[in-house]
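The next part holds the structures, each set out as structure tokens.
Shared between the two complexes below is chain A, which pairs with chain B and chain C, respectively.
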Partner chain A sequence: MTSPVTQSLERIPDQLGYLVIHEDGAVIASSGELENDEKTAGIIMNMVHMASRVQLSPDRNDPFKRLSVVFDTYMFVITISNHKVYVCKRKYLPSEPINA
Partner chain B sequence: MEESLDKQLDDTMNVHGVVGVLAADHQGLCLASKGNAQVSGAGLMSSLAEAGKQLSSDEQKCPVVCLESDTCNILIKSHDNVTMAIYKVAS
Partner chain C sequence: MGCCFGKDEDEYSGEQEPDERSPLLGNQIGNAINRPVTSDDFESQPSITKGDEQSALNRILHQTENNVIDVSALDSHTMEQHEYMDRARHYSTRLAIVGGNLRTMRKPVLPIGTTVPQAVLAGEPISIADIQLINSAAATAANALSNVKVQHKEELVVHFVIP
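After this line comes the complex of A and B, so read on.
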């Protein structure tokens, strides 16, 4: 079942899978390596709740915009929009820094 | 006793863009903090690092957890029961 939102997620470069999770924890859509992966969805929702309580800036309320979990060869990139949590698993291809 | 940890945190603070640094143990106790790093966030940092490990099939692998906002990024990584959180200005 594709919608405009999942179509956008499908087009993310190097994506290995995605999850769309409602704020109450229910998985709305999933694909690829994250298809039907309720366990990962649960862990990520737990992380999102914790991350939303971290104070990034000492003097004002500055909620996070993006949460990334970076492993050796892949990463999870997580954001919140319109009461839904969007998770994309992407390949991680670090490039060597260029020293001039 | 904490001289070497303190020195390490001082060296990290001297890196361009770093505005805070925090070290916590595996139970969330803040071992040391400098700059903008909030001592009260030590438990959350440890928990985030621990939860990040659960996303891999190999529980020995510790990922880098990054929280990004418009003003600041926090980079969290744990190693050998110590979790480090580095606060950097958003570039």
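After this line comes the complex of A and C, so read on.
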């Protein structure tokens, strides 16, 4: 399935794969390392449902914009748009030095 | 008089208004089941083996007859229009009472979110300083939670002094 959105997901710099999940949990589109990765999709949907319950601002209708799950060398960036959850796996290249 | 949950048989036997709890199958079938168990039921069993095939077949036929539920023979209770309305109103009021709980059981719907998902996903990754801030905040919170203890200050059992 190629739509303008999935085409632009392909062009995200350092992307390793993406998932488009319907809000009922069904995987609509996938590619790269996340191709047909239903397990990851399920885990991410749980995290999204959990995160959407967290009230970040006084306005209840102001949910998170982007959810980042960061690992050592890669990360998942997740956002919601039009009843679909967009997940992109990207290479994680820390640009700033770690000042512990 | 029965107790609270005593399922008294006579409760449904009269000309009662049928509701969602009234049995669909009337007594014309029930008598086969409710028939008191007599000694015949047990004594007649060996007679089958003794050879009277015709009576055995008749018995099987009779038993099958008892087990078959002839739905068409049951007098179906046709509901009038006003009965439908009454029930609809009754059910909707009941649903309104428990409805609040049902709604919370549904999975929460997702927020509308952004209109440009590709732009959000392509944005700069979260800064290391932010990750460190969250990590230290979470560690502090976890530490605080693990240190929550109950301090016993008073006696658990209090003796009332009755003057």
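Throughout what follows, the second predicted complex is superposed on the first by the 92 of 100 C-alpha atoms of A that agree within 3 Å, B and C clash if a C-alpha of one lies under 4 Å from a C-alpha of the other, contacts with A are read in each partner's own complex, and residues count from 1 in each chain.
One rule holds in what follows: contacts are C-beta pairs under 8 Å (C-beta built on N, C-alpha and C of every residue); 3 or more make two chains touch, one makes a residue touch a chain.
From a predicted model like this one, the values you see are computed outputs, not experimental measurements.
By the touch criterion defined above, A:V69 lies against chain B but remains apart from chain C after alignment on the C-alpha atoms of chain A.
In the superposed pair of complexes, A:I21 makes contact with neither chain B nor chain C. Partner contacting the larger number of chain A residues, of chain B and chain C: C. Once the two complexes are laid over each other on the shared chain, residue contacts for A:P13 go to chain C alone; chain B is not touched.
Contact with chain C, but none with chain B, is seen for A:V5 once the two complexes are overlaid on the shared chain.
Shared-chain residue A:H83: touches chain C; no touch with chain B. Residue contacts after overlaying the shared chain place A:A41 against neither chain B nor chain C. Of the two partner chains placed by the overlay, chain B and chain C both lie in contact with A:R53. Of the two partner chains placed by the overlay, neither chain B nor chain C lies in contact with A:A29. Taken together, the two complexes place residues 53, 63, 65-66, 68, 70, 75 of chain A in contact with chain B and also with chain C. Of all residues in chain A, those touching chain B in their complex are 40, 43-44, 46-47, 50-51, 53-58, 62-72, 75-76. Across the interface of their complex, chain A is touched by residues 36, 38, 40-41, 44-45, 47-48, 51-52, 54-56, 61, 63-74, 87 of chain B. Across the complex, chain A is touched by residues 107-118, 120-123, 125-129, 131-132 of chain C. In the complex of the two chains, the chain A residues touching chain C come out as 5, 8-9, 11-13, 18, 23, 48-49, 52-53, 61, 63, 65-66, 68, 70, 75, 77, 79-86, 88, 90, 92-94, 96, 98-100.
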